[in-house]
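Everything below concerns the one structure shown next.
Just so it is clear, A, B, C, D and E label the chains in written order, and each chain counts residues from 1 on its own.
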Amino acid sequence: MDSVGNIIVYFIIAIAMIFFSFKAVTTRKILRAATYLLFVLLAVGVAYFQLGYQFLGAVQIAVYAGGIMVLFVFAILLTHKPNDKSGLIDSHRRAWGITLAGSAAVVLIFALFYMPLLHGASLMECMQSGGEITMKEIGTAFTGSDRFQYLLPFEAISVLLLACIIGGVTIARKG
Amino acid sequence: MDYSQFGSMIPELIVLGIFMVVFLFDTFSGEKGKKILTPMATILFLLGTIAIWIVPASGEEIFGGMYVNNTATNAIKAILNVGVFIVLLQSAKWVQSDEVAIRKGEFYELLLVTLFGMYLMVSARHFLLFIIGLESASLPLAAMVAFNKRHYESHEAAIKYIMTAVFSSAILLTGLSFVYAFSGGSLYFSDIAVNINRGEMSGLLLAALAFVIAGIGFKLSLVPFHLWTADVYEGAPTAVTSYLSVVSKGAAAFAFFIIFVQCFGSVYSDAWEWMMYAVIILTITVGNLFAIRQKNMKRFMAFSSISQAGYIMLGAIAADGLGLASMMFYIFVYVVSNLGAFAVISTIEDNTGKLSMDDYNGLHKTNPKLSFLMTLAMFSLAGIPPFAGFFSKILIFTSVTGTGSWALYMLVLIALINTIISLYYYLLVVKAMWISPDEPKIGNFESGRCQRVSLVLCGAGIIFFGLVPYIYQYCYDAVMNSSDIIASIMVFVFR
Amino acid sequence: MDITLPILILAIPITMFLILGIGGVKMSKKMAGVLGILGLGTTAVLAYIVALTYYFSGDPLFIVDGVRQQYQVFDVTWLAFTQSLVVNIGFLLDPISALMLIVITTISFMVHLYSWGYMEGEQGFQRYYAFLSLFTFSMLGLVVATNIFQMYIFWELVGVSSYLLIGFYYKLPSAVSASKKAFIVTRFADLGFLIGILILSYYTDTFNFVDMTSNPDGVLLSTGGATFMGASVLTWAMVLIFTGGMGKSAMMPLHIWLPDAMEGPTPVSALIHAATMVVAGVYLVARMFPVYCTVDAAMTFICVVGAITAFYAAVVACAQIDIKRILAFSTISQIAFMMVSLGVAYDKPIEGVHYSGLGYMAGMFHLFTHAMFKALLFLGAGALIHAVHSNNYTAMGGLRKYMPITHITFLFGCLAIAGIWPFSGFFSKDEMLAAMFARHWFWGAWMTMVAGLTAFYMFRMYFLVFWWKENPHYKEHKPHDAPWQMSLPLIILAIVSLCAGWIPFGEFVTWNGEPYHIHIELSVAVTSICIAVCAIALAGVMYAKENPLPAKVKSFWPTLWEAAHRRFYWDEIYMFITHKIIFGIICKSIAWFDRHVIDATMDGFAKITQKTSYAIRGMQSGEIQAYVAWYIAGAVVLAAITWLCLI
Amino acid sequence: MFENILIWFVVIPVIMMAGLGLCRNSNMNAIRAVMVVCSTALLGLSVWLCCDFLRLRGMGVDDEMLFTGSWMWYEPLNIHLAVGVDGISVLMLLLSSVIVFAGTFASWKISPLPKNFFLWFALLSTGVFGFFISIDIFTMFMFYEVALIPMYLLIGVWGTGRKEYSAMKLTLMLMGGSAFLMLGLLGIFWHSAPAGGQLTWNILEISHNASIAPEWQYMLFCFTFVGFGVLGAMFPFHTWSPDGHACAPTAVSMLHAGVLMKLGGYGCFRIAIFLLPQAANELAWIFIILTGVSIVYGAFSACVQTDLKYINAYSSVSHCGMVLFAILMLNTTAMTGAILQMLSHGLMTALFFALIGMIYGRTHTRDIRQMGGLMKIMPYLGVCYMIAGFASLGLPGLSGFVAEMTIFFGSFQDADLFHRIFVIAATCSIVITAVYILRVVGKLLLGPVQDEHHLALTDAAWFERFSTVTLILCIAGIGCFPNWINETIQHSFAPIIAAVQSAAL
Amino acid sequence: MDLSMLWYLVPSVIMLACGIYGFVTRKNLIAILISLELMLNSADLNFVVFNRYLFPGSMEGMAFSLFAIAIAAAETAIAIAIIINIYRAIGNTDITEIKKLKF
């Protein structure tokens, strides 16, 4: 039995996620879509907090809701005039979109329901058995080279990011 | 913490080292210094390649089993390096052109980083490292695809590539998240292999497998995850296209094999054998059917490479040591054959700007040597002896039929029938060059020195790699000496 | 016996063929002619030596206790099908092969000589002599065959020589088609021969004549009583083998090629289509005679075919205009005579018949005499054609004054064929009729009637050519006798035709080698002579002088005359079958089927592939969103289908 | 390796290619010199091999294969370059070298690009020779395909008429056949040894192991037989043949019809029947029907064609059908006949195509309706054509007769009605053959001259005479003295017949 | 009432579906990129949820998400750079106009 607070918070973030996702892909104004995306990202961040991964939640809000959203807004402002509305979506395409998205969702939800590992443990129990992950643990894991430690991916992603910077520069550079 | 473990990653270190040298040189040298960038990068890379061929792989698992460089991975890296080296030679003229000269340093850097990413892909034994490798191998490529800034096609190709790439990585991540549910809390391949067992097949696992196939299938351009391929190949600069078509594909194929045999070997005949069965048939057939109509050489090569990917994946569906060895050999042969074709295409494009198959009509009258090499490449791709392509094809078919199942025999039959279709369109190129009565549209020209070297290398490879058995022997020994791969095949693939 | 002579007999003609064939182009005509004649002359001399040695030397190899033996001079392996089924090439000497050696070389020599004059000025003179040599070689090889397969080999070779010679004037379309017809019809017959050999050899496990004929019951036993479609396999085999003979000897219904074969040069007709090759069928039956005797059905078949053919050909011959055609039909008729004669013979005593093998002896005798007088007639016809440049009797008439030698010799030939004493034809025909009457009155009566017809049509031709009325064209072109090269053979052959009947033939040739003393059966002889004389008289009345009687007879029953003239429409029937049915329906439809069904299927695969390629190109629409739609659909469908199928 | 005489059959063509590679396209004499020297060397080599083979057999060496050699190639899959010959291969090598020799002269004045022409020609011969010397099915298959693909360029570049279509069709159909074949060979390999044994590609070892289960044999037999049957122009997979041959240049038609189509027949019994004897016993009837149809069908189709090459191509369908037909009879005599027929058909079709090429080179038409009376204009070619025709219709003294008779007598050994009916149907082809051959001869060579322009044409040049005389001598040689061939090959069937018989038990 | 795993997974899947829908239907490149972000987020959330519920003792899923966020950032950066490039080239970001390369 989870606490009522948890349940309420859950419903808020769940509804926010679903609603704003939906709005983000249906609104005709691109800036609004970005805003709805921001709400979704925030909701996901909150979900991380609720699931007990504070660091991850923080990163989500900082990097995603902070960094990436800024990128989006810049991009939108660079490429759009204010109050630009994107054209109407033709019904043909919408039907396809609904079919595809719907079938994907149906298959996956069915699959999830029939998952053999599914157990009805409540969030409370899981939080208790695992507990929170401290910053120290995270720090150790990210700089260690043993099993379940992530030094190598950490180094590797730095190369990736460097490459993306170079790539971005190449693309953006005039001439 | 044991940072000395980095010392075992010799191939990666070599590539990163070259990357750093090029990066620093590019950043700090003056206009004059830039001139020697190309030869420097090429020579350094050649030395690095030789080093990778020579330095024996340790085979030990480092970072807690997250990374391993055994003989097989070392071999595939060496093979990829050969491909990249030829691409470097081919691109030598292109990078000097006005349009890209100022960005040629970036070209080499991005090339090396993507290669580094591919190294990680093939050596990764943990999904996190694998994903990072995959992304390193695909994101900078988008920048490379967009390299011809004055060409609209290049932009279109880039946007198509990046959008599909991101989409596929989202799908792959979703798939992996479901895999994670079955993994017992660890994303190490060996742990997943232990935790996924056959009794607990479920829809979610199937969905996970399908999504992972889709995710990697994007890189391999398996049908129906291939649709970006043709457009991107057509729009991208030719050097990048050739790189995309062979190197990136080769790495992905190898990684695919490792993942599906090492992680999911236990659900081989329950699940992914049949998925791959369908996907391979589709890939080979659809690739061929599209290739028939193509007139643009790069687009043509795109569809040809799609169908070739299907053949490569036959090695994966064989799912044993012989399959992997044959697949590596196939990749190697595919590298030289396809790059041989691209060498001709890019030489012609660089010198005359012509890309249409109709422009190749009567080519033998003005450029007999190029026509000859193109013919060899086409024959090799079609699997005609005594060229290397024949051997790679028949060896991979041999490995597939070795499982002894009727279904796989039928798969080989379908693949063989498709070779006829593929022969048809490869012969169309030959026909254009040799048989078409038209007056040649392409005048006689002198190809550049580097291009000539690459042409000779590819030609020699096409002729000798099949007749000389050492390459295959090398791949086979590499696989057989990789104890972890062999062990996982022994344990999980039930016959 | 020394094998040199027999080998030379075969080797000289083939060498001549090769020399003349390869080197002929570089040779002068004279040289080629001399070479050919000399070669053949030598061969003839050698053949005479061999044959006479066989008949008269009394060597125990050839004759034991008065019984003539079959002797294989040599017999070497040529091709081994299996351990036991081996094709040999050999040289068999026995009464009939020795006889044939004489006949062939004689006629051939005459024809060689004659041709020197007749063919003078023709293009391809050297080629002509080369072909003649080839033919002689093949025919000699055929008659001395030790085994049925060797006979088949040379059988084919004579066929091809005949083809080449008929088509000698290859620029004339009619000659080309006649040669083609001859070859194909005989080839068709040879198919039967081949299948017959296949069946026979499968059971007997040998090809050798001596093995088979010396033990005919063994042949019968070896089939083990196997039957096929109600007849024993041996019957099938023998009838099929006889089919080969029917083709070569132009028996109904495979006779149609022979009249057309007259397109060839006339000496060729004399040699091949009168004297030698066409009797190969008779020779074949004679060769296999003891085996045939074990199969009554086959013998009856031979009789029936022979009887019908003889009558048919005789009737048709009465209504022909072309003198060579008349001679051709007469040949058919006469060969059919021999066939019937063989058919009525039997190798074991029959009750009420004093000598059951008489038909055999008589048939062979007639073969010999017929060869002589028919060659004479043909050569004479050649001389006529040479003189008036036409084959039709309408262009002739009254020639007796202009061409006395030809006239006399031709008359000799006609008398011989009509069976008038003392010409050779009388003796052989008499023996044959006697044998037929002995077997059954029907055969005798029937064939006597044919003999009468023979006399009639021969003299019809004789009178129309030499009497009737003079053709007005003679004023411009005065016909005259032929040069000595042509006349000499005529005279020689005329003498032979006159005398050959006096040869005591039964001493030399009987079916089992035992001598038989010929004696004239008076009743038969008288009957046949009477009928012949009547027929000649009738012909004389109708045709000796120009009169309207023939026209009246013709108009009395025009359809019959027309039908006979058109050979009872056999050619039209064949044309219909071959052109309309086989070519028009079978071949054309198969060719159509090949192009439009089978090939179209193969092309169809390609078309379908192309069409599919176009049909699915919408997949590559250029829109990222569509690409992604395919992508996700692919992934989901992959998952869903596997799920549905596997779990 | 090079001490083995057989290897030189591959090495010489490779040297030939290398030599040609050094020549310039314009230097016709150098190219001819290379070709003449090398093809003469090949001819000499094969004659020498033949003599040596007969000598060894005469000395009582009765191994299945002589001059064997085996060198490891792809070790992981136990692929060897294994060579060895029995009487059949010796004869086939002889045939191939004769035709390569004749083909060299027949294409004396090829243009354009003579060097490239001979390069591909040499590659083709490499494949052919390699195929006949191999006893390892992998290398055999490799050489098989090596021989197929140069056809595309040879027809496409140097051909006439609808050459692009025909070249493509021929290549694709033959490749289709080889697709089935490859599958069959892979199956044979994977079942080549009993469980646990060392798998092998070596024909002798496979047949010795005899470890292929019957149910696999059925499938593999169909695959391999169809695979080889396509090249052997078996109904209904023959349609590449008329189009392909019609468009091919002279020497290529010669080599293709003369030798390449023989690869089909040779493969059928060397692999399909020898290695899969049980299936051969039980499934032969299917292919007997197909090949029986081929024989009659090809002959009938030839009757109404008007293009010389089409006639000859359909006649090849008929004759090659006879080869396969005889092989399927599974007895020594019929198989001997099949080999004889291969030799005979090889030589006479080569002769035919050489002559057609020469005639076409002069008249620029192959339509028999537009020609006539050529005998008068070019007597040499006319006579040669007639000889070829006679060989084709089975005139004694020429090779066709011997071959057909051996086939008929061999096939007739099988006593049941089914076989008998088909044998008799097959014998009927001799009449149909006569019909179409004489039809062509009549229209083409005899009769009046159809086209006034033809009167000015010349007869054969020396190199053409040389080429044709070589072939005619061989045809007549086989036709007159067939028994030495029989003796050469008859021992070679013992293992095959033994395998078939032991499987039947 | 327990908040079991499915309670989080289902919204995540819906988010994914929205992303797919958005990708397939939107015409604006940036809107498509927004849809992609939804999909990536959905995957991250899955990892975290599975980690929490199934393997609470370890942190593989969380670490994976963490890296995935970084990767997503990189992807977005490159994608936006290319979009801006496109904008420079053709003056808008309408995807329906970017289909010159086809068939």
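Operating definition for what follows: a residue touches a chain if its C-beta (ideal position, glycine included) is under 8 Å from a C-beta of that chain, and two chains touch if they have at least 3 such contacts.
No experiment lies behind these values; they were computed from the predicted model shown.
Colleague: Note the shortest touch-path length, in steps, from chain D to chain E.
Modeller: So the least number of steps between the two chains is 2.
Colleague: Would you say A-C or A-B is joined by more C-beta pairs in contact?
Modeller: The comparison resolves to A-B.
Colleague: Return the chain label for which the distance between chain Cα mean and whole-protein Cα mean is smallest.
Modeller: Minimum centroid-to-centroid distance belongs to D.
Colleague: How big is the gap, in whole Å, between where the Cα atoms of chain B centre and where those of chain C centre?
Modeller: About 77 Å, centre to centre.
Colleague: Just how far, in Å, is the C-alpha centre of chain D from the one of chain C?
Modeller: 37
Colleague: Can you check how far apart chain B and chain D are, centre to centre, with Cα atoms defining each centre and the answer in Å?
Modeller: Here chain B and chain D have centroids separated by 41 Å.
Colleague: Where the centres are mean C-alpha positions, what is the separation of chain C from chain E, in Å?
Modeller: Here the centre of chain E sits 96 Å away from the centre of chain C.
Colleague: Where in chain E do residues touch at least two different other chains?
Modeller: As it turns out, chain E has residues touching two or more other chains at 16, 19-20, 23-25, 32-33, 44, 51, 54, 57-58, 60, 63, 67, 71, 74, 78, 81-83, 85, 98-103.
Colleague: Using the touch definition from the top, which residues of chain B touch two or more other chains?
Modeller: 128, 132, 135, 139, 142-143, 146, 149, 158-160, 163, 167, 171, 178, 181, 186, 202-203, 206-207, 230-231, 293, 424
Colleague: For chain C, jot down the residues that touch at least 2 other chains.
Modeller: In chain C, 606, 617, 620, 622, 624-625, 628-629, 632-633, 636, 639, 643 touch at least two other chains.
Colleague: For each chain, which other chains does it touch, given as pairs?
Modeller: Taking the chains two at a time, the touching pairs are A-B, A-C, A-E, B-C, B-D, B-E, C-D, C-E.
Colleague: What part of chain B is in contact with chain D in the complex they form?
Modeller: 322, 325, 364, 375, 379, 384-386, 390-391, 394-395, 397-398, 401-402, 404, 409, 412-413, 416-417, 419-420, 423-424, 427, 430-431, 434-435, 469, 472-473, 476
Colleague: Any idea which chain A residues touch chain C in the complex?
Modeller: 93, 96-97, 100, 103-104, 107, 111
Colleague: Going by the contact rule at the top, pick out the chain C residues touching chain D in the complex.
Modeller: Spelled out, the residues of chain C in touch with chain D are 25, 77-82, 85, 87, 149, 152-154, 156-157, 160, 163, 167, 170-173, 176-177, 179-180, 183-184, 187-188, 190-191, 194-195, 198-199, 201-202, 582-583, 586-588, 590-591, 594, 598-599, 601-603, 606.
Colleague: Okay, in this complex, where on chain A does chain B touch?
Modeller: For chain A paired with chain B, touching residues are 107-108, 110-112, 114-117, 143-153, 156-157, 159-160, 162-164, 166-171, 173, 175.
Colleague: Using the touch definition from the top, list the residues of chain C that touch chain E in their complex.
Modeller: Chain C residues touching chain E: 617, 620-625, 628-629, 632.
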